[in-house]
Structure formats: structure tokens, C-alpha cells
Amino acid sequence: MNPIISILLILFAGSVLAFGIDSINRKWTGWIAFISMLLAALNLFYLAQTSDLVFSLGGVSLKWGFSSLRLYFVYIILILSLLSFLYSIDYMKGKARLGYFYGAFLLTVLGMFGVVISKDFVSFFIFWEIMTWSSFLLIIYNAYYKVKTQGLKYMIFSAIGAYAMLTAIVFIYHYYGTFDIAVAIKGGVFSFENHIFIPLFFALGFAIKAAIMPFHIWAPSAYADSPMSFTAVFSGAMSKMGVFGLLLVLATYYALHNPDAYVFSQILAWLGGITAAMATIYALIQTDAKRLLAYSSISQLGYIVVALSTGTKLGVMAALYLAVLHAVFKGALFMVAGAVEKQAGTTDMTKISGLIRKMPWTFFVALVSVIALTGIPPVGGFVGKWLLYEALITESNNYFLVIVIFFSSTAAFLYAYRFLFGLFLGQEEKETENVKEAPIKMLIPMLILAIVAIVTGIMPGLIFKPAAVAMQEIGFENVNWQMTALSNVWGNQTDLSIIGMFIAAVFVLIFTFLTFKGKKNTRFVGTKDISSSGELWQEGENWTFQQDFYKPFERAAAPLYKYKMNKIWEDLGNALEAFFNFFRRIYTGNGQTYALYVIGFLALLLLFKDYIFK
Amino acid sequence: MTSKSFSTGRFLYTFIIIFLIWYAFTTSLQPAEIIVGILLSLIVAYITVVNFNCCDPVLITPSHIIYFIQYFFVFLMALVKANFDVARRVVNPKLPINPGIVSFETKLNNDFAKMVLANSITLTPGTLTIDVIDNRFFVHWIDVTTENKEEIYKEIAEPFEKVLLKIYGS
Amino acid sequence: MNEFNELFIKYKDLITLAVYGTAIMLIIIGLYAVLLKKHLVKIVIGLSIIDAGVHLLFVAVGYIQTGTAPIFSPGYENAADKMVDPVPQALVLTAIVIGFAVTALALSLVIRLYKHHHTANIEQIKSLKW
Amino acid sequence: MVISPVHYIVAPLLAAFAIPLLSKIYKDAARVVPGIVLFYNVIISFVLMKQVLKQGMINEVIAGWQPPWGINLVLTPFTGFLAAMISVMGFIIWLYGFRFKRTLKGGVVKYYEILQMMMIAGSIGVIITGDLFNMFVFIEIVGITAYSLTAFYRDRNGAEAGFKYLLLGSLASTFLLLAILLIYTQTGTLNMAQIAERMPEVSSGIKITALVFFLIALGIEAEMFPLNGWAPDAYEQAPSPTSATFAAVVSIAGVYALVRILFTLFDVAGVHQYLIVMGFVTMLVAEIAAVSQKNLKRMLAYSSIGQVGLVLIAFGVGSPLAVFGALFLMLNHAVIKSLLFMTGSYFIYNSGEKRLEGLNGMHKRLPYVSALFSLAAFAIIGFPPFSGFWSKFYILIAASDQKMIFLIIGILLVTIIELVYYLRSVGRIYFAKEEMQDIAHKPSVNALIAMSFLALFIIIIGIYPDIITGYINQAAAALLDKTHYVQQILGSK
Amino acid sequence: MNIIIYISIVLISIGSFLAFMRFVKGPTAADRAIALDTLSVIGIAGLVLLGYLFKRYIYIDLALVYAVLGFIGIIVIARYIEKAL
Amino acid sequence: MKRYIIFLFIAVLGWTLAQTFRAIPFGADRRGNLDQPDRVAAFYLKESPETLQTANSITAIVVNFRGFDTLGEVTVLFLAATGLASILYRKEEDDETEERITLISSSLVRTGAKILFPLILLLGIYVFIHGHLTPGGGFQGGAIIATGFLLMLITYKRFDTNHNLMVWLESLAGLAFVATGLYGLFTYGSFLQNTHSVGTLNDLISGGLIPLIYIFIGIKVGTELTNILDILLKIKPGKQS
Amino acid sequence: MDTLNNILTYLGLGFVLLGSIFLFLGALGIYRMPDLYNRLQAGTKASTLGAMSVVLGVGLMQPSWMIKLIVIILFIGISNPLSSHALARASYRRGIRPFFKKKIDAYEQEVEREKQQRKKNQIKVEKVKEVAD
């Protein structure tokens, strides 16, 4: 059987099975899901030599298949999902609606997989939608109680994006007479001179999925309030679907180096830059680890978009590299958050701290991932960021963006530190006395991810290799790479390992210095033990360090926080709702009024009949 | 109530009357019409015989027929008179009137007879039967000349009732 | 019969006005009742009046000058050319029966409504709205 | 015995007339006989459909008078498709309600079943008749049954809804009669094929006046805004199987009548734009009203109106592909909305709450029904891979062929409103706090079979629409090919 | 000869107009009922007369039916006025 | 304000109707060519006496040419009666069966009604049996029969319409109507098709199956209308449900 | 034969004319009379006689129709006074009193008595209901 079909079938069957088995024996649900995921992932070995599947459905010719670019993303999806499913078994233990969870999760994976293997717009859209609604089911899994509208927000934005895409797809069919993606791209559907709204609408759809500001409103709570095992995939892999899509759209730009497209990519780049910066700023003030990670995730996607829109070899390579790395370390981080949540009952950084002794392995994963996130060598994140800087500085000369990115990278260090400190370092709390290390089934996937992050940092070539092949597909020939180096525009090899070693050494020094310096003055007191001040401590007057971690920074950036895009969207929603509520009163309930509508409408038609019906 | 039980005689009688009406409707002697008429009259007679009590078979005698004719003429005279009277009033509404509702008692016991009497009163000058309760007639009289029951009776009902009594007995 | 013909031709406009006018007036009056009367029964009566107007229009449209009923009764076996259009009459027969059925149903609903709401004022019967 | 279209009408009629007698002999006759008849209709649907696809058209004359002299029943791929669809839906709804009606007392079931069955038969009549006035008669049959069924429950506000329905329905019949009269005076015939043939000779003043009357009358039946005041009330108040029938059968017949008359009888410009504009307004207003609803069935009712609006838009776009999309949407609407009403009814039954709060936490008590409801909700929004996606997709493609980009965007924006309230409901079912813990009223086997059948349809057609697209394609072609219709019917003159 | 018939028709027409005026005026339901009653009686006569004029026997049937319906109609109205329905 | 808007709307409708019907002159002949019919009116006027031997061409249309409409119409009435019954049916717990405080009707009218009742029944039957010869017909006859029952129902509050018999008659008449149609379908291949032996114009036995169908219709309509009246009269408005 | 026909025709015409005059007068009475009962008085008589006369007249002119026309005449004769009576009775019971110069009203007591009787019955029914509850 064609592995595409078998993957789809396995995932679908697993979904149904998991949903059904839940009412029979809840213990099996997770395993069933994991096994189906494993079976699906095993097909990865057969993928490379797969031929395209072409068939007709509903009068539309559909085409499924692989290419190097697609394979690149398929690996991200399937591997991360597999790890996440393993992680889920223990993470979800004891929760309600397991069948619902695993069923929807497998469908989400199915959707993502489908999106990537679709070589025509119709199946692309179909799988895109499957992915969206099944992930919606997962988002409301936790969020419904907290904020009823969060899930809806996600769905509304997704729908806006998807329908923008659908509109564009429909018009591609109208103007170019095809649904085939390759044919369409060759025909220039995404070129910006013919029908500007087609690439625009597509980009809107992808930008929303990648949570680019100002379309990110749905993302923080969607990431933070979903079950963490899902968020790992959600943030790690699904947001990459937006990247994948943008790659498709921008491929035209890459290939043609169309001057009109320059504006377009500039806008995209700036949106990405702003996203990276703003999300970082928001991440700083979060007190909940999950929300912090959520904003961080948004910010990281911003980098990737910036990288993509440079349109240069280095930039795209940076994007592809970051895409993997982000999946790895953000997946790991969300799993860490999930482990903490599971073991300690909360991820509120003001409530817990000092878990390092209780959960050392988890801390290790967190540490590695944070290092990757902040771009400190030798872990992988550094390579991505370096490539991005190089692309921005040397290839597109966009210095201002460099400043923005540099600023947010630096700020990222702050929130990453807060994450580490808030959860693992510092004083142990009474509440967390009985916390234990996460179960092994949760640790294994986390550790695997951490190791991947380290390995790819030391040997970025592991990623450069498939990425270079993938880049050929979108118009970047001859990407020269070595295990630790990548050629820049001048043909010079940037040996990342040497630079990395150097920077790593510096950071190790600083970190050691800070740690030991801090230790000297530390007096161990309970974080809430402030009786020495002679005042009774009251709720709402929490002056602990945890609470006001970056108080000075917050004060400095106060004007930025005041400006809340969330509120604008919310006001818009409320205004609409109020209008709807008012408007529906035309159904007065009085039958006579309805009769009057009839006669009034009749009179109007009669009066204007000669104009309406010529 | 005078609803009587089923008897062959009554049934036959009812049947004949209904068939005659059928004939009046069709005024045709086609065999089909006649056959259908007979069939239908049988059915309708069967349905309605219990209620149909205007004219018992015993009533058909030569003398009765004469009385009927007599009644017809009495009624006709009264009717013509009544109509001229009304005509007079309509043309000249200043005519002195003294309306009122008077009552009298009838000697008739038969429902049909009472109805004929009431209708006759209604159609005669200036009187209108408003109600009949048991034996008492209540009549709206456009020009009440007397309140004496006997006189009222004489004035309004006697000419008709005399004949009706001959037919139906008291 | 010729006198009729002449009369008809002479006063054709007037007759047309009278016949169509009556029908249209009935429709208008009925609509007036339906739209402005508050009592349910009056509204139902309004509907019946509209029906009557429409039915009258049907019959009027089928009429031909000095035409007679389209019944080939004795003496009229070959008088097809004098007979009015039978189709609208047949249709109107159907329409009348249907109208009656609807009216009966309407009245039963009015009875129900009156029992439920203790009023027959349509403005007070709007528990279903928005 | 040769099967012919008249069986569609005769079989239910025989049953309807016989049920009062039969139920004197066999107590449950009223519940069983309609099922047999409706199933018979399903069977003849398939037999006839096969025949129609082979021959192109079945033109059955009544009383032996060839059209245009007599009344004829016409089964084209278009009408045959709709008739088959209605038959199947009718039977499924009967199956669904078979046990449900046990809760009704004694003799009332008899009335209910007769009315329900005749509503379906009447709708089929509307669709298969080739005669204009005959269509009026069938519309009235549907109307009378629908008013009665709306008012069926006396402890609700059924009578109020029924009265509103009747009020507007009567206005509809008035204007329908006027329009028929005008057409008759001009063409001297009532046969739709011949009217179509003679329509070009009619003076435009009378033609357009008649058109306006038709638009009003059939707009009321087709739930077009602002003529649809009756619809939400009626859907809300009727017994749930009847609400499903309104969505799956009656509204289909209403839209059919409108479309048949506009497409076959009139060749007036502006009709298409009118349909698009009014369809869009209908959809927009309905979805706006739906999104702020507190009452489940009322929400579904507005949603139905919204769907009909989209159908009208599609017919307004008018290209073969658009008509194809419209027919597909009609089918989907019938199936999905029925399923929503069916499942929704169980929520109401279980919570005793007509408001949306009644959905809260229902997944615990009714896991299967909840899943079906969610499935239907997703399908009606148009999420792939469910059947609802395809119809919307085709309509959009068709609109793009006419370069109606704003229409496309408009439709999709309205879809987002739709999405909001359906997903909210799904959220309620799975995640809102549940309050009551007493025993669940699980659906009976027959209801389960009926609902599962619909769900299966939604999924199978969603995954593999080609099963049905061939038929719909022929149906759409048959509707649009007016000359063929006229020739086929009048050719035998 | 027909002139007498025409005169009759005119008289009857005026009569029915007068009765109709009473119907419009009321003031009570009973008054309208009386007017209707009179109209129906006039109608019977008119139908018979028209039947004679057009030499069509079928009008007689109409008159008979009309008489029956008119009578029962009035009885129903009377019962309604009495509030006895 | 609202009132004036309504006036305006109605005026627009009235004006349009007036304008439209000006183009349809009253009394103009629109029946088409009577010898070679091109319009249905002419066709029916030709065929009704010739082929169907039916004097009343309206009856020919109602029962034969457009008999299917009539079947529908009968159905509408039947459904209205059913709907009415479903809306106004009396539950046992409704307890409207208490001694009804009725106003007894006039003794004179009661006497009159008894006498007129058979006459009216007979007239109704006459009307539908001669539906193909005179202006009568099944609906008219049925309506007359029902008014006969109405007279009895309103004068005698306890008048029993024999509901059971009514149900039987109604059902059988309806079934017979459809069966006649099916007879046409099976014998001649077309539902409701008339027999070939149609009789002589203006005889009672003429028009083939037309009188037969009209008898069924008459019975059905009569019983149905009676049922409707019966239900409506036995409901007392004003009591809470 | 012709003469007989002519005589009948002229006689018939006379009846028709007479009848229509009465019908007219009856209607005039309906229109002009001051109160309900007087209108009834005026209307019934004239219109009944008028209608009978017209129908009879036509019967004389068209003897073959006579039989059915007699049925009509009989029917009018029975039904018309009955309907007038029913209207009068109903109106009175509804509370519409005739115009009196001097009040002479033998019927009033009767109606009142009946009303009291009904009230008593009603109370009885309500009492029974109470017990039942």
C-alpha cells in the first residue's frame, strides 16, 4: 500500500478506535493512540521512494505525494507527534474524555500530514480544515471552563484564514483553471502582478496559523490552555504549517525575484519582526510558565517569518533550520511545562520554585531547551540565529530589522531565565514538598528532544542536508553545506562550530560567575515569609521576587503593555454581538408585523419592478 | 319531545313525502332518475324518520285537505293585509305606533301546528313572534291596543288557530 | 338579448370598473383588516375577504360578453360559443374549498390561542420572538 | 403493475384515507402504515430514478388527457432526484419518530401520522407536478399539514406559531392565485411547459407583475427574508420530527417551486441578481439572528433559513455548476439539518430545557448523540471532510466563475458567524458544567438507526462525493434545459 | 314585455342596495343580520327572475340552494347573537 | 404613522392590480379557438359535451380534465379536518364534559329544523348526484348536507352526528375516489381516466365515471365538513387549556 | 293555447311586478325603521311576500318550472318567518330591548327567570367541580 494511504488510514482508524475504546477501557486509550501513531511513523522509512497518488474526487483531480520540502516537514510532524503521544500516556492519565482527546489528536496529526502531502489546493484546504477543527476540539479540551471564547477565537481566526485561502483557491481555479499546486505556481499564481489578492489571501491564512501579529490573538491562550502534550505539537509542528504555506507562496518570489514582491516580503518581514519583538515583551511579564512559553512561541515564529521573507539562501536556510529547532526545543519546553503541571499541580511561577532538586531530569531538559531558545551555543538555536543575522546583514542589508531581532533575542534571554528560575531555581516552596520527578514515559521524549537540540547544535549539517535538498525545490540551487558550516553569498564558509565554541565559552564563564556570585548572598527564607517587616501579609500585596521579576522593565515598557490588541479584537466582537442582538429584533414576534413585512416588500417590489426586472 | 319510534307506516309516509320532494327537484320521469330517487328517498327516510313528525299519516283525510285550503286562504288574506299595512307604515312613518310585547296562551299541542301559527303571526300585520315557551306565545306587537290576554288572543291568533285546531286538535 | 349586448358595450367601462373594482376593493379591505385589526377573528375574516376578492377576479376574468353558464343543459347543447370560460370557475371552486379549509383551521388556532393567552389581541400574542 | 410517478401521491392518499378505518381494527395502524407507505415511496423512487436516467424523462398524464389539456406529472432527473431525496428523508424521519410518538396519547398519534405523511406526499406533489394550478393545490396540502403540525403540541406555543405560519401562508396563496390568474389569462393554459412556450408572447407589464406575485408567494414558502417571519417560530414549536421535515422536505419543496417557476416559466432579466441579493440578505439576517439565540431549536431554525439563503444565492448565480452546488446543498441541508433536529430533540428531552443551557455536559449522558450532533454541526459549517464542505465549495467555484469575489467573501464571512454558534454548542456539549445526574433517556434503536444512517451519509459523501455528484449533475442539467423540458412534454401533443 | 321584468330588476336592485346600506350601518349585529336576511330573500327572487330572463332552468337550482344556505346562515347568526354557539 | 405606511403599501398593490387588470378587458373572449382548440378553455368546451358527454363542463373539468386537482382539494379538506381535530381534540383530563350550561334554542326553530333537515339532506344529495347536469357538484352537495347537520347541531345541542358512521363513510368515500382513479390507471393506463361508455348528454347516466366520483366527493365533503363543524361547535372557548 | 299562455304570462308579470314592489318596500322598511324589532316587522313580511310573489310569477310564465318553484315558495314560507323570529329572540336575549312608548313587556320576566335558573345551575356545576378537585 502506498505509505500515504497507510498513514492516513492508520491515523484515522486509530482515531476512531481510540474514541471507541475509551468507553470500554480507559487504560488502553493512550496506548492505542500511541501504537497507531507509531505504526504511522514507521512508514517514514518508505516515504522517500513514494510515487504520486493522482485520483479524482467530486470532479476535482487530486494529487498527493512527496517532495524533498514536504518530507522535511513530514519528519517534523510525525516525529514530534510520536514523542508527544508517548508523553501523553502518562500526562493524560486520569483525565476525562481520553477518547475524545486522542481521537482529535490523531485527526490533527492526520490533518497536518495531509496538508503537507497535498499537491493540489483542494486537498490542501481539506486537510488544512481537518487539522484546524480537530485542533479546535483539543483547544477547548481545557479552555472551555476558563474562557469560553478562547477556543472560538482560535476557530474564528483560523476560519478567516482558511476562508481567505479558499477564496484564493477558488479564484486560482477560475483564472488558471487548475488546482494543481505545482502547475499553479509555475503559472505564476503567487506572482504579485496578476491577482494580488491571491498571494495576499494565502499569506493571510498562513500568517494566522503562524500567529503573526496582529493575528496572534488566538495563540497565547490556545497554546497555554491546551493539554501540554498537544501544545508541544501545536506550537512545535502545526504552526510550521503556516511556515510551509508561506514557503509555497514565497517560492514564486524566490524564483522570480519579482520587484513587486519586494514590498510584499518587506511587509511580511516587518510583521515578523514586530511579532518577534512584541511577543517577547509580552512574554516577559507572564507569571504563568505556559503563557510565557506561548508568547515565546509566537516570537519564535516571528523570527522564522523574518528569515523567510529575506528571500535569500541564508535566510531561507535559517528559517528551515529554525523550524526544526523550534519544534524541538519548544516541544521540549511545553513538555517540561506539562511535567511540572502534572507533578506540581500548577505552572504559576509565583507559586512554585526550586523544583531542580525534585525534578532534575526535567530541569536538564529545560536548561538545554532554554539554551537552544536563547541561541547560546553549542545548542542548535545559536546556529539558526547566526544564520538569520548573517542573512539580514550580509544579504538583505536590513539593518533596522537586525536591531529589532537583536533586541528581542536579548530580551528572550530575560524571559528564558525567568522560566528557568521561576520553576526550578530559587527557594523550595512548602506546596511542592511532595513533588516527584516525572514518570519515565514523559521523560524519554523530553530527553530525546534535548539530545536532538544538542546534536543539531554541534552538527547543524544534519539539518542542512535535508534542508538544502528541500531548498532546491523552491529555487535555491547549490546550497553548499558541511557538517558544521554553511556557505554565505560570497561563497565563504561560515564555520559555525568555531564561532559557537567561542561564544559558548563566554556564556559559561558569565553563567558560572553569576551563579556563584548569587549564591554568596543568598539567605534561605520562604518566599512568602515576610513577617520580618512587621506587617501582616495580604493577598494582592505580593512583593515576592517571583511576582515582580522584571518590575523595572515592566515600568519602562508600560506604554507598550497599555496597548492591547486583544482588547481591540474583543471590542470589535462585543460591538458586533450587540449589533446582532439589536438587529434580530426585526423578528418582533407579532404575526401582523410579519404580514406587514410581506406587504411592504411586495409594495417595494411592485414600485421598482421595472427597474429590478428589465 | 315528540320524537316517536320507528313504525312502518310512518316510514312509508316519510318515504313518500321525500320522494315527492325528490320528484319536485328533478321533475323528470327518466327511469334512472326514478330509481335513484326511490333509493335515495329510502335512505333519507331511514335516517330522518325518527325526527320527521310534521304530518302524521292520520292527518291525511279529505276534510283535512279542505281545512288546509281554508287555512291557506285565511293566511293569504292576513298576509296581503299585513303587507299593505307595512307598506303604509313605511311610506308614512309618522303613523302612531305603540310597540310592546304581549303574551297569550294557545290551545294547540302539536309542535308543527304551533310553528305554523307562529309563522302566520309573524307574517301578519304588526306582529312578530318572539318566542314560544310551552303554550305561551310572546309577540312583539307594533301597535298594542289592549293588554287583556283574551283580547290579545282574539286579535292575533284566533283566526288561524280556529282552523289549525280543526286539523290538529287540541 | 341584443339589448344586453348593447347595454354592455355602452357601459363597458363602468361595468369593468364595477366588477374589477369590487374585487380589488375586497382585496384591499381584507388586507386592511389583516394588517391593522388586532382581533384574531377579524384578521381571519380579513383573510377570507381577500380570498373572496381573488375568487371574484377569477370569475370575472372568465366572463365573456353576454356569456352564459358553461352547462350544456337541454336547449344549450350547441351553445358553446355563448358560454363563459369554464376553467376559472373550476379553479375557483378548488380555491374556495381550500380557502374554507384554511379558514376552519385558522379559527381552530384562534380558539387555541384564546384558551392559552386569554386574549385574542394579536399584539399580546408574541411569546415567540427574536 | 407498472410503477409510475402517480404512486408517490396515491399510496399516501390511500393510506391517509384508510388509517381512520384501519386504526379501528388495529390499534397501531396509524404508526405502522405510514412507514410502509413511505418505504414504498423510497422503493419507487429508486425504480423511477433508474427509469428516468435511462429515458431522460417520465411524463405521466392524469385522466388520459395529454398535456397541455390535462394535468401531468413530470419526472426529470431534477424532479426525480428531489422526489427521491424527499422520500428517503421522509422515511428516515418516520423511522426516527416511530417510538418517539409513544409519548403521545391515544388517538392523537393518528392525526400526527396522517399529517406528517401527507406533508411529505404534498411536497413530492409540488415537485413532480407539471401543472401550475396543481402545484398550488399541493402547496396548500403542505401548508395545511404544516400549520396543523406546528400547532400540534398544546402545552407549548404551537398555536401561536401555527397562526403566524397560516397568516403568511394564506397571503402566499393569495398572491400565488393572483399570479396564476394573470398567467392563465395571458397564455390560456396552466401547463407549465406550455406556459414556458408562450411566455415570450406575454406583454411585459403583466408578466412582471405576475413574476412579483410569484416571488412574494413562493418567497414566503421558501423562507426568503423578509417573508420568513413564520419560519423560526414554526421550526421551534413543531414536534422535532416535524421540524426535521420542515428543513428536509418542506423548505426543499418551497425552493423548488420558486426555482421551477423562475427558471422554466420566466425569461426575465434581473431575476438572478434578485435571487443573489435576497438570498444573501436572507442568509445574513438569519445567521445574525441565530448567533444570539438562546433557544436550541430556534437557533437551528434560523440556521435553516440561512442555508436556504445560500441555496437561493446558488440558484441566483445560475450557471450549471452553481445549480449543481445548489442541489448538492439542498441535499446536504436536508440530511444535516434533520440530524441536528433529531439529535437536538434528544438533548431537549434529556435536559427538559429548550434553551442552549440544555446542551451542557450532554456528552456524558448521551455520548453517541453528542458525537452525531457535533458531526452534523461541523458538516453544516462546511468543514471537510464532511458532505457540507463540497456543496459550499462548488457554490464558491461557481461564484468565482462569475467573478463574484464579494459574494464569495460575503458567504464566507457569514459562514464564520455560523461557525461561532455551532462551535459554541459543541463546546457546551463537551465542556460546560453538567448539572443533572439522573438517568438518561437514551435514543431507541429505531432512532439510532435513523440518525446513524444520516451521519454515515454525511461522512461517506464527505469523503467520496462522487457517489452522488453524477446524479446531481444530471439533475442540474435537467433543470437548466428548458427547451428540452418543453419539447418533451408538449411533443406528444 | 321585458320592460316589466327590467322594472322589477331595478326595484329589486334598489331594494338590495337599501338593505346593503342597512348592513353597512348596523348598528348592531342583529341589524346586519336582518339586512343579510333580506338580501338573501331578494337574492332568491332575483335568481329566479334572472333564470327566467336568460331562460336557464339551472338558476332555479341556485335559488333553492341559496334559500337553504341563507336560512341556515341566519339561524347560525341568531345563535351567535344569543351567545349560544 | 404606521397606519399611513400601511395605507401606502395597500394602495400600491391596489393601483398595480388596477393597472394590470386594465390590460385584461372584462368580458373579452379569451377562450381561444373553439373549433381547433389552442387554449384549454376551448378544448374543454369542445370535449366536455362531445367526448365526455357531460353537460356541465365545469364538472367535466373538476372531475375529469383536472380531476387530480380535485383529489388534492378533497385531501386538503380531509387534512384540514384532521388538523382541526389534532388542534382541538379533547383530552380526558380537559374535563369539558361537564354539564354544559347551554342556551336552549327556540322551540319553533327546533320544530322547523326537524322538518327541513330531510329536505336539506335530499337537496344536498340531489345537488351532487346531478353535478354533471346542473350547476351542482360534490362540493356544493356536500356543503349543503353539512349545513343541514349544522342546523341540527346548533338547534339540538345533543344532536349526535353518529361519529362512527361518519368516519366509515368518509374513509370509504375517499378510498372509493382513489380506487376509481386506480381503476382508470389499471384499465386505461392513466390515473382517473374516464370509462369509454359515457352515456348520453343530459341524462342522469352520462359522463361515465363523473357522477360516480362526484357522489364519492359529495359524501366525503359532507361528512368532513360535518366533522369540522361538530368539532368546532363542541369546543367552548374561554376555558383555560 | 296561446291565449292561455298569454294570460299566464301577463298574470306572471303582474306577480313579478307586485313581488318586486314588495321586496323594494321591505328593503325600504329595513332601511328606514327606527329600531331592530320594527325593522324585523317591516322586513320579514314584505320580503317574504315579495319573494313568493316573484317566484310564483315566474312559475306562471314558465309553467314547466312550476313544481320546483313551489318547493322554493314553501321553503321561503317556512324558513323566513322562522329566521326573523330567531333573530328577534336572540336580540332580545342578548339585551336589545324594543323601543317602547309605554313599556308593555310580557317577555322580560320570562327571560329573567330563565337567567336566574341558569345561574343556579352554574353554581351547582361549580360546586360539583370543587368537590371533584
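For clarity, chains are labelled A, B, C, D, E, F and G in written order, and residue numbers in each chain start from 1.
Here is the rule we go by: a contact is a pair of C-beta atoms (placed from the backbone, for glycine too) under 8 Å apart; a residue touches a chain by one contact, two chains touch by 3 or more.
Note that the coordinates shown come from a computational prediction; the quantities given were computed from them, not determined experimentally.
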### Message
Under the document's definition of touching, what chains do chain B and chain F have as common neighbours?
### Response
G
#### Entry: Most distant chain from chain G, judged by the mean position of its C-alpha atoms
A
### Query
Of all the chains, which has the CA centre nearest the overall CA centre?
D
### Task
Give the chain pair, either F-G or B-G, that is connected by more C-beta contacts.
B-G
#### Entry: Separation of mean Cα positions, chain F and chain A [Å, integer]
73
### Summary
So, in whole Å, the Cα centroid of chain B is separated from that of chain C by 38
### Message
Distance between chain D and chain G based on Cα centroids, please, to the nearest Å.
### Response
54
#### Entry: Chain centre separation (chain C, chain G; CA means) in Å
28
### Query
Multi-chain contacts in chain C: which residues touch at least two other chains?
27, 31, 34-35, 43, 57, 61, 69, 71, 73-74, 87, 91, 94, 98, 101-102, 105, 109, 112, 116, 125-128, 130
#### Entry: Set of chain B residues in contact with two or more other chains
21, 25, 115, 118-119, 129, 131, 133
### Message
By the touch rule stated above, which residues of chain E touch at least two different other chains?
### Response
57-58, 61, 64, 68, 71, 75, 79, 82-84
### Message
Please output the residues of chain C touching chain F within their complex, sorted ascending.
### Response
8, 12, 15-16, 19-21, 24-25, 27-28, 31-32, 35-36, 57, 60-65, 67, 69-74, 77, 80-81, 83, 85-87, 89-91, 93-94, 96-98, 100-102, 104-105, 107-109, 111-112, 114-116, 118
### Task
Under the touch definition given earlier, write down the residues of chain F that touch chain B in their complex.
106-108, 110-112, 114-115, 117-119, 121-123, 125-126, 129-130, 203-205
### Task
Please name which positions on chain A make contact with chain F in the complex.
596, 599-600, 602-603, 606-607
### Message
So in the complex, the part of chain D that touches chain C is made up of which residues?
### Response
133, 137, 140, 143-144, 147-148, 151, 154, 157-164, 166-167, 169-171, 173-174, 177-178, 180-181, 184-185, 190, 232-233, 236-237, 289, 292, 298
#### Entry: Residues on chain G engaged by chain B in the complex (per definition of touch)
22, 25-26, 28-29, 32-34, 37-38, 40-42, 44-46, 48-49, 64, 67-68, 70-71, 77-78, 81-82, 84-85, 88-89, 92, 98-108, 110
